[in-house]
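Each chain gets a letter, A, B, C and D, in the order it is written, and its residues are counted from 1.
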């Protein structure tokens, strides 16, 4: 079967990446692309890397244009998806790459996003382990709405959740520091995102618990742990266009052996097609995941510091956004989960 | 007065940076440069950026060549400085940019360096606060031997020491994750240091407490705290030639206010010429420190996570190595400490 | 039909990229991978981005291991493919990613490669226009040996050949200057290829007509022109892992209009799936081609300078090497030419 | 003597670099900094790398603020310096880092800048050789107005002028292709200057003779040659914050030997403190010049192509802008020319 697809926000990085990936997906057919500022232009003039879509013209982002497709990917600024989705109806599978429906807590939403809360949708991180012993995957089957996780959130959640569920690490004093590329911030004209500012440099932002990804990380890790976690989260922008490498550390539970630790992650990921635990002593490179829907994880136990250190690498635009969107769509529609998604990174 | 200078290991990155900085130092005169592999070549053919040294030729690194200079900078691989220094005598100020004499614990040396211990030298981090209320600066006046700190160590130590001395953060569960450029690894032919491997990528190394900078960080922070600290330390190589940005976090002591926290760092650094605390809400960029002997620090209190987060940026080859060497030499010789050292970074 | 495949030199960049691309090719099945230095290791431990090949182990590169496969890709240092190919027999399609069989002139080979000449194989640049009005594609159908072009050569040849064949530019005073990423030099431990040396820097090499790609460019462009061309060629290494952007310029023939110029390139490439002429006023970005088998070309006429300027971007490891190899293999075997090859670049 | 200094446009890259360099200049004292958008802010909050200027506050850019200083550096967008300079009077040395007074031809100005022409000022490229056998240096002594050259222009002019003056290369079919960093475009919010767009990529701009630096290059090279030259000029943006590497090629005059070629450049630059000809077979790296007022040139003769190839590297913000401004100011004021200017690059 072939599903018709529309992408809203096709002129941005997330929308562009959905399109790039869909070109290799045999069961999705892109019919419609929209973008407000660039409506009327050829897609290929705005996204000149999307050579296979030479015939598409960007249309205005509105309900009339989007409705009637089997699948609608929304890659819009925060605050736009709720109203659109309401009018699209349940016949369409709507996948929101933005933040609007990620948080289950209205107060967390209001604190961090300073705007009206619109409720949560099924959360598109299939590999996330849950305190009840299951995984998030099962909550995505047959749904008509999916909220794609934040890219940094995916890296930290995949890195720490198995240890929390297994009880080998403590739910407090979690610390995550990420080196991230600027494409996660979108095609945004900000001085600190200029090449002149970023080449040869690096800088932290959202320091001290104020980043909007914090409540989402807390939500995921608390869901894995069964207890409310506390986490210190700091992203550092570094000069690579894409990619995230998250160093996430946690206090070792007393009496837990390094083998117990490794078992917790093996149990979580040994059968996963897109999340791979590396052998003892190996740690991932960002390049190994570029362009692929793969997250790679290395773990170590620091016995002197009594902490577990996990290092997770992924491509923020693929496993962190567009790949997660398509993977979740596959699950929702009953298509084999790996369809259309590469696992091999574009390295070097 | 003009001091005569020899630099051993002048063909490497650290030795080259000592030379670059000394070109602006009015009281040091470089007479001799040595390098084993490149002995006999013109310095400028090996280090073509050092235009002002067109007349120097690299000599063999041995005692005969180095002795008789007022100041000798050693920028050699680990294990070479002890024997050399013994033969140079106390008339020369010997400054070791390598690790040989940094650690005061023989057992820590043997555990991490797997080689014979040769004792420690006065430690060249003048701004390091000490549990007794002083600073390391006073231990450098008039000495004839100086051990220059490791570059990552400087970033983490400057970031956390003030809070430990002031008792506003706890000495356990310290976590430091650094984004670092490859020049800290030297001009070493290793596959993972190739441009093809690093451009567009990032990778952690020395994960899980095995990096040689760990005991040195513990030494410094324990010296500031008065208690033995535990620290989880992870460096992540990112694609910038130089620079370190260290995100160092610690548990807030119960009952401590954000104002107390800020006061601790202000007290430590308000009079320092080369270590600057940024205003509330500001965090440093690596580029602000490039080529300069400056460390910039931003701090935040994450009240939800009950942790203090400090972000420290510096140039690993300047404040992290060659600048620290010259600053410490200035102190040892009674030259005004800022002589020959720039504070303004080469940005953008 | 499924063809069995062996890759020799699978631990390098070119061999790795052949593997990455073949993972998406439905008619090729990789059976064997070889590498001398890493023989005995798992492929995935040497090339950790190639997640889909977890079961493959690197074997020794020799005839016994390679023979018996329908297709053998050789990604070896220069000088190794001739003898191997001789023993593989004509039943195998042998595709050499190296230089050994690119040049048709023995004297050019001996001058530039300083070694014995082993003859030439059909040249794997299907889109290359020929003076007789055809294209190189037709010379690849049904062959059992293919020499994959040099990556820089492909960029310059695609950029200038149409104008030479059409007679709108002159065959003398051709000038090509390229910005290229270091992966074209392979996984080679050379100081000038270290990340510390390349990040934030750029340098030319092979200046003054001594680069080995010069005779190959002359061969291709002379073949398009019908006359022997002269070309000044300078590659400049810049800090991007992959990619080539070639600025190739030529004297305008007197009396030729800008429309005539554009027509020459349109005629050559309007039906090509992998070589796209951009609209007037547009010029390609390297990122538009990354990971894809696409070459993008922009052209302009500089009337004051009386020269035509063409700008060609491509990924040196795909259209410049591994993609060209697979595209040529498809043609040789009668598989549809685009099989297994992406056209959309991994941007941003 | 100490000269008082004002810098207009101190919030931008060029103005910031003037400030960085002046911190090491013993005879200039910065009194005033201006910037329109950021007026009222502390300089250090806008340019956090300029640590030594902690006490300066940005003022509005107007005549009242700027007048009364011995030296005024203008680092403003095009079109602003003429009117300001007219009101500052001849008692101030006014140095324009912008383009307004570079071109001696009104028609060239109007064609390329599409605005009213305001005349030319003495041109701040001291090392430029002139057809009459002199150098531009002599035209700067004692002047009260200086037009700082365009950064790309300096690289191409220094690369080709000696050969034109000496008559060893032909004045037609000159071709220059440059790899340049984005800081030359200023702190400008343009999508193509975003880090996400530039990291891992490269793109040409101003292709086909339309770049504003073309008439300025023609002016300089015609001045060296004595004949009007034709030049094809293409800049390619590459991912390094600063730096230019210009590959400039020219037809060899018949009968000229490689030794004659080398002599032409040696004659021009053997005594220059800031422009260095590299030995035979050496070519410059951008990093060798970063932060320094140095231009490095390598040359080769391509006998097969009958062309001379010159490769020039420099830092666009130093020798390309702020360093040239200070060097020229030194000459104008009779200060030793090298005062306050480093020659050693910040490498690696």
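The criterion applied here is as follows: contacts are C-beta pairs under 8 Å (C-beta built on N, C-alpha and C of every residue); 3 or more make two chains touch, one makes a residue touch a chain.
In UniProt terms, the chains line up like this: A, B, C, D = N-acetyl-gamma-glutamyl-phosphate reductase.
What you see is a predicted model, and the numbers here were worked out from it, not measured in a lab.
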Margin query: Please tell me whether C-D or B-D has the greater number of C-beta pairs in contact.
Written below: C-D
Check: What is the distance in Å between the mean C-alpha positions of chain B and chain D?
Finding: 35
Next item on the list: Any chance you could list the residues of chain D touching two or more other chains?
Entry: 13, 183, 187, 196-197, 199-201, 239-242, 284-285, 287, 290, 347-348
Next item on the list: Could you classify the connectivity of these chains, where an edge means two chains touch, as line, ring, star, complete or other?
Entry: complete
Next item on the list: Using the touch definition up top, name the residues of chain D that touch chain B in the complex.
Entry: 13, 16, 19-20, 23-24, 45, 47-53, 183, 187, 199-200, 241-242, 276, 278-279, 282, 284-285, 287-292, 294, 296, 342-348
Check: Quick one: in the complex, what on chain D touches chain A?
Finding: 13, 181-183, 185, 187-191, 193-201, 239-241
Notebook entry, point to check: Taking the complex as given, what residues does chain A use to touch chain B?
Noted result: 173-175, 177, 179, 196-197, 199-205, 207-209, 214, 230-234, 236, 238-243, 245, 247, 249, 251, 283-287, 290, 298, 300-307, 309, 311, 313, 347-348
